[in-house]
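Shared between the two complexes below is subunit A, which pairs with subunit B and subunit C, respectively.
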Partner chain A sequence: MNVDLCVGCGACAEKCPGKFDDTYNAGLIKRTAIYVEYPQAVPLKYGINPDVCLKLTKDKCGNCQDVCPANAIDYTQTEETITINAGSIIFSPGFTAFNPSKFDNYNYAGFPNVVTSMEFERILSATGPTMGHVTTFPGLPLKPKKKKDKLLAEKRKDPKKIAWFQCVGSRDINKCDNPYCSSVCCMYAVKEAIIAKEHAGGDLDCSIFYMDMRTPGKDFEKYYQNAKEKHGINFIRSKVHSVTQNPDTNDLDIRYVDEMGQIIDDTYDMIVLSVGLEISEETKDLAQKLGIDLTPGGFCKTGSFEPVTSSRDGIFVSGVFNNPKDIPESVLDASAAASAAGDALSRARDTLTLELEKAKEINVAGERPRIGAFICDCGSNIKGVVDCEAVTQYARTLPYVEFADEAMYACSQDAQNKMVEYIKEKKLNRIVVAACTPKTHEPLFQETLSNAGLNKYLFEMTNIRNHNSWVHKNNPDIATQKAKDLVRMAVAKAALAEPLKEEKIDVNDSVVVIGGGLAGMASAKSLATQGYKTHIIEKKEKLGGEAHKLYKTAQGEDVQTHLDELIKEIEQNENITVHCNTSLESVDGFVGNFKSTLKTNGKELDLEYGVAVLATGAKAFVPDEYEYGKDDRIITSLDLDKMFKENDAGLDAINSAVFIQCVGSRQPDRPYCSRVCCTHSIDNAIELKERKPDMDVFIIYRDIRTYGEKELLYKKARELGVIFFRYDVDQKPEVSIKNDKLLIELIDHVLNQPIQIEADLLTLATAIVPRKDEKLANFFKVPLNDEGFFVEKHAKLGPAEFATDGVFLAGSGHYPKPVNEAITQGRASASRALTLLAKKDNLFTSGVVASADPLKCSECGVCVSICPYSAPGFMTDGRFEGKARVNAVLCKGCGLCVASCRSGALHLRGFDTSQIFSQIFALGEVV
Partner chain B sequence: MSNKLTGSVVVIGGGISGMLSALDLANSGYYVYLVEKGPSIGGVMAQLDKTFPTNDCAM
Partner chain C sequence: MADNDIKIVSFLCNWCSYGAADLAGVSRLEYPADIRVIRIPCSGRMSPKFILSALREGADAVWVSG
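On to the complex of A and B.
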């Protein structure tokens, strides 16, 4: 396949007889030998699977070459070896889903209604093989041809009861070799159950069988509680032993032991195996070739203080290969790896990238509109329904249209080149393209306009595919008429288009990092290494933050040694200025142009900077229960760390130590999981056991949440003899001091009996609480959530930045996190900030912004209060003092202010009232 | 080690993580080679229906 020529029309696949498993749909259906993975694939280029192509295997067929309109099929292509010179490598090979075929007790391979979570994901998807319809026998073709399949298909039904089995291929060394927790399965199972109920209706019975529910991410715990309380999903703490199939109905009978020790038999229509994440053998081989060290689980070995750096110099890692993780953490890893790779190459920055040359813009002011209209066939996508030739003919008759042309693919490179020629030759000064969606293709056409010297806003695109040919397939006449209407409307609007100016934004390229903890220091270090003047503002007398209180990381590194090194590096970096004992008194301005006043020991200092990183961290909750504060033997996790750090002599005298988990977390007043406490307590329990093996150590918990390879610590603790008791939130353990004895009473969940432990030391695993810094949030116009953590730009794709341009986020102020994750997010925030700072001379506002006419403004202030981006304000001086003015830098062009302005003073450039009305009137015209 | 640094990075893997590393680096002045084994980028995330905890469409 010659990818430069392929236009992605799909004519080849329609005629291809070869078939193989569609891996995109988890193998539930087949795909043709020439294929794209899915309709939205990037690049949208067809490829041939040489193992199943009849031409390549048997020299038969050749259909695709016959029908390809672009001559893109080339059967002679062979594998090429290309050598690349690069300064760094980022290795993010991802994972494969665990294959449960080898588990004979669940018989995934034999029972058609036992599916994997990946298959179920595709069943739920509107683009999947069942188009989102939840049905049994999902692997059968919709219209089966084989007799055996036909018989099964007769039994197909909408399931009424579905069960999810957790930890299939995770936390298991009995049936497979994966001792780690895959981190994501609890949450995706809850999600799949909720969505399945949405698709199938309320009476679908969903049950999740689990060992520990692990929902330690931001807003995850609430999601889990909602699943129970609002969606009625059953959570059953049990590992199901085996599954059998009713031979008549194919229903699935299961047997399990509940928490009370009762054996329960039940029947389900479908079972979803929540399969874990694995590193493939292929990836392990490649890792070996690259010479990087792996953990026992096959993941990349990285340190807590350089969490994306592999054991080999110059190779950085990210994603699931760097320990099992979900999407936002992979996104943070991605940016952190970019920051680390960039730090290593900072001297060579900008040496291999090229500046785009821009054509000089033609002044069209005052010219009569000369519109060029281009009608796209999109292969058969549009032309198969719409009479594109008639639409093109019609376009030629419209006012101001000088030229109209039909293109098989208006987006192809040759069509773009032609467009440039036509613009020059016909002196066109407005362009209309009737094709697909502007969401994906507008920037491409606008670039073509710029290349031809036209202002890119002299462009109008109308969608005659998604809004027309795709939805009116059975009515080609009406679709053609609608295409004509859409083109007429677009031409009417384009005739009124004016060139718009993108204002240059001056960027001050120094940075302020607020908070000198691990996350803030990691961020500052990367920014400074890549050449930016960075100020760290720390309210305490020294850098380091909460990390000063920690003993060891989950990987056993000594925190204080590493912290001291990092602080020294920061203090010696000539691009970093540290302001300790300093508070932020004010913030003015916007992206690229912030101004602040700092106050250090009463002395004020003004600072100008372009971007800010908020890394203000969080703090430990002070317990208000379990007799805390009434006895010296009752301490918090951080107190115990302090004892370890100081090698406290009192440790030797302890014969019985108890930990109580979730102190202040996962309860109505603080409905989130603090993420770090399970690992922290287990780590400390191991430390106690290793110091004094005959000590009795108990951990009283609700769910153990040692996600990823931290699970190995949980395993180690059990092996060392640490005893785990579980409690329910409505039956908390009770602590009392009687006759100087420290007693902990609880109901044991296995015996269902009260038990009493006498302890010499009780450690409370306290919640991590946010600083709820409303003043800082207001300064930078960034939101806080109900609990007081900062709200990032996007829960999945923007976890290290805010919706406010130029303001970035790192550390536990976002959500509680351990050392390695705080540093990852610190680096990630630096990388995100770098992309903005790198545009220093190249940052422009959009042309599509609101502007206010001061002569019409009545100073009512509605625009000021309604704008979510704080773009409108009142002028403070000059002739129009008190009138509204819109800051183009902050304006996102949403139009809220324009619609709400009662004086008609506000206009949205590119979408002015006259343009909108012209479109509406054009629609009403009778053809 | 030679004193001459090459201002380019190879990113192996075109899933969500690889793609975002590539974008960050390209946008901060480094030349990027994004290497993907399959015919298109996007990785496993493109196969997912919705994403927790917001139930946003993964695509």
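On to the complex of A and C.
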């Protein structure tokens, strides 16, 4: 397939007889040998699977070449070896889902209604094989042809009861060799259950069978609680022993032991196996070739202090290959890997940059509109349905249209060249293209306008393919009429188009990092390494933050040694200025141009900078229960770390140590999981056991949340003899001191009997609470959530930045996190900041921004209060003092202010009120 | 606008619904041809005046999606 020629029309796939498993749809359906990976693929280009293509395997067929209107099919292509010289490599090979076929007790291979979670994702998807309709026998074709399939299809029904089985291929060394936790399955199972209920209506019964419910991510715990309370999902703490199938109905009978030890039999219509994440053998081989070390689970070995750096110099890693993780963490990893790869190459920055030459812009101000309309056939994609010739003829009759032409492919290079010629020859000053979607093709045509010397905003595109020929293919007359309407509307709008200016943004390329903890230091170190002047503002007397209180990481590294090294590097870095004992007194300005006053020991200092990283961290909650503060033997996790660090002699005298988990976390007043405490307590329990093997160590917990390979610590703790007791939040353990004895009472979840433990040491795994710094949030106009954590730009895709341009986020101020994750996010925030800083001389606003007419402005302030990006403000001096003005740098062009302006003073360039009205009026015209 | 046809004027947010309409095309879904899409940069751009104007111009319904 010649991807430069392919226009993504899909004519080839319609005629292709070859079939193979559609991996995008988890193999539930087949796809043709010539295929597009998935419908949303960008660019939308087809490819051929050479293993099933009849032409390539048997030299038969050749249909695709016959029907391809763009001559894009090339059967002679062979595998090419391409050599790229690179200074750094980012290795991000991803995972494969665990294949549960080998589990005979669930009989995934044999029972059609036992599906994997990946299959269920596709069943729920609107672009999946059932278009989001949840149904049994999802693997059968919608209209089966084989007799056997037809018989089964008769039993197809909308399920009334679905069960999810957790930890299939995870936390299991009995049936498979994956001792780790896959980190993501609990959340996706909860999500699938909620969506299934939404799709099916109220009467679907969803049950999740689990060992520990692991929802330690940001806002995940609330999601889990909502699933229980609002959506009525059943959570059953049990590992199901086996599944059998009713031979008549194909319903699934299961048998399990509930928490009270009762054997329960139940029947479900469908069972979803929540399969874990695995590193494929292929990836392991490649890793071996690259010479990077792997963990026992097959993941990349990385250290907590350089969490995206592999054992091989110059190779950086991200994603699930760097331990099981979800989307936001993968995104953070990716940004962090970019920062690490960039650090290594900072000296070579900008050495391979080429300048693009631009045509001089023609001044069209005051000219009568001379519109050129180009109607695209898109091969037969549009022309096969719409009478493009008639549409072109019609376009010629419209007001201001000087020229109209039909193009077989308007986006092809020769059509683009012709367009430039027509613009020059016919002196066109506005262009309308009726073709596919502006979301993918607008930039291409705008570039053509620029090449012809026209301002790129003198352009309007209308979609007569995706919104017309493709969806009305059985109604060519109506589609042609609709295309005419759409062209008329576009022409009306284009006539009112004005050349728009993209303002240059001056970027001050120094950086302020607020907070000198691990995340802040990691961010500053990367930015400084890449050549940017960085200021760290720390309110305490020294760098390091809460990490000073930690003993070891989950991977066993000594925190203090590494921390001291990092602080030394920061202090010695010429590009970093550290301001300790310093507070931030004010923030003015916006992206590229911030101004602040700092106060250090009473002395004030003004600072100008372009971007800010907020890494203010979080702190340990001071417990208000379990008799904390009344006895020296009751301490917090950080106190125990201190004892370890100081090798406290008191440790030797302990014969019985108890940990209580979730102190202050996962309860109504603090409804989030603090993420680090399970691992921390288990780590400390192991330390105690290793120091004194005959010590009795108990961990009293609600769910053990040792996600990823931290699960191995949990396993190790059990092997060392640490005893785990579970409690419910409404039946918390009780701590008392009687006759100088420290007693902990709880209901044992196995025996369902009260038990009492006498302890020499009680460690409370306290919550991590945010600093809730409203002053700082207001300074930078960034939001805090209900608990006081900063709200990032996007929970999944923008975890290290804010919606406010130029302000970035790292560390536990975002959400509690362990050392490696704090450093990852520190690096990620640096990487995101670099995307702005690197464009220093090349950063422009969009032309599509709001502007205010001061003569019409009534100073009501609605625009100022309503804008989510703080773009409008009041002028503070001059003739129009008090009137609104929009800062084009901050404006995202959403038009919220324009719609809200009661005086009609605000305009959105490119989508002005008059332009939208012109489209509406054009629609109203009788054809 | 011909009198005997139903006409729905739809104002679609560029970032979500407009993209969804694109995807409907890529997926070759079929739907009645009664809608005319006006692309807006965000549903926040939507003004009641647009709705009133569309109805006055003969639209049978207005659909704002974002």
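We adopt the following convention: the second predicted complex is superposed on the first by the 911 of 927 C-alpha atoms of A that agree within 3 Å, B and C clash if a C-alpha of one lies under 4 Å from a C-alpha of the other, contacts with A are read in each partner's own complex, and residues count from 1 in each chain.
What we mean here is this: a contact is a pair of C-beta atoms (placed from the backbone, for glycine too) under 8 Å apart; a residue touches a chain by one contact, two chains touch by 3 or more.
Everything numeric here is computed off the predicted structure, so don't read it as measured data.
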| item | value |
| --- | --- |
| Subunit B versus subunit C as contact partner of A:473, first or second or both or neither | second |
| Subunit A residues touched by each partner, larger count belonging to subunit B or subunit C | B |
| First (subunit B), second (subunit C), both or neither touched by A:894 | second |
| Partner chain(s) touched by A:105 [first = subunit B, second = subunit C, both, neither] | neither |
| Touched partner set for A:413, first subunit B, second subunit C, both or neither | neither |
| Which superposed partner A:489 touches (first subunit B, second subunit C, both, neither) | second |
| Which superposed partner A:40 touches (first subunit B, second subunit C, both, neither) | both |
| Interface residues of subunit A shared between complexes with subunit B and subunit C | 40, 44, 127 |
| Complex contacts: residues of subunit C adjacent to subunit A | 1-2, 7, 9, 14, 18-19, 21-31, 33, 36-42, 44-47, 49-50, 53-54, 56-59 |
| Subunit B-facing residues of subunit A, complex | 24, 26, 35-38, 40-45, 47, 84-95, 97, 118, 121-122, 124-128, 132, 187-188, 190-191, 194-195, 217-220, 222-223, 286, 318-321, 326-327, 330-331, 333-335, 337-339, 341-342, 345, 347-353, 530, 795-797, 831-832, 834-835, 837-839 |
| Subunit A contact footprint on subunit B (complex, rising order) | 5-13, 15-21, 23-31, 33, 38-56, 59 |
| Touching residues on subunit A, where the partner in the complex is subunit C | 10, 39-40, 44, 127, 437-439, 463, 465-468, 470-475, 478-479, 481-482, 485-486, 489, 848, 893-896, 898-899, 908, 910-911, 913, 916-917, 919-921, 923-927 |
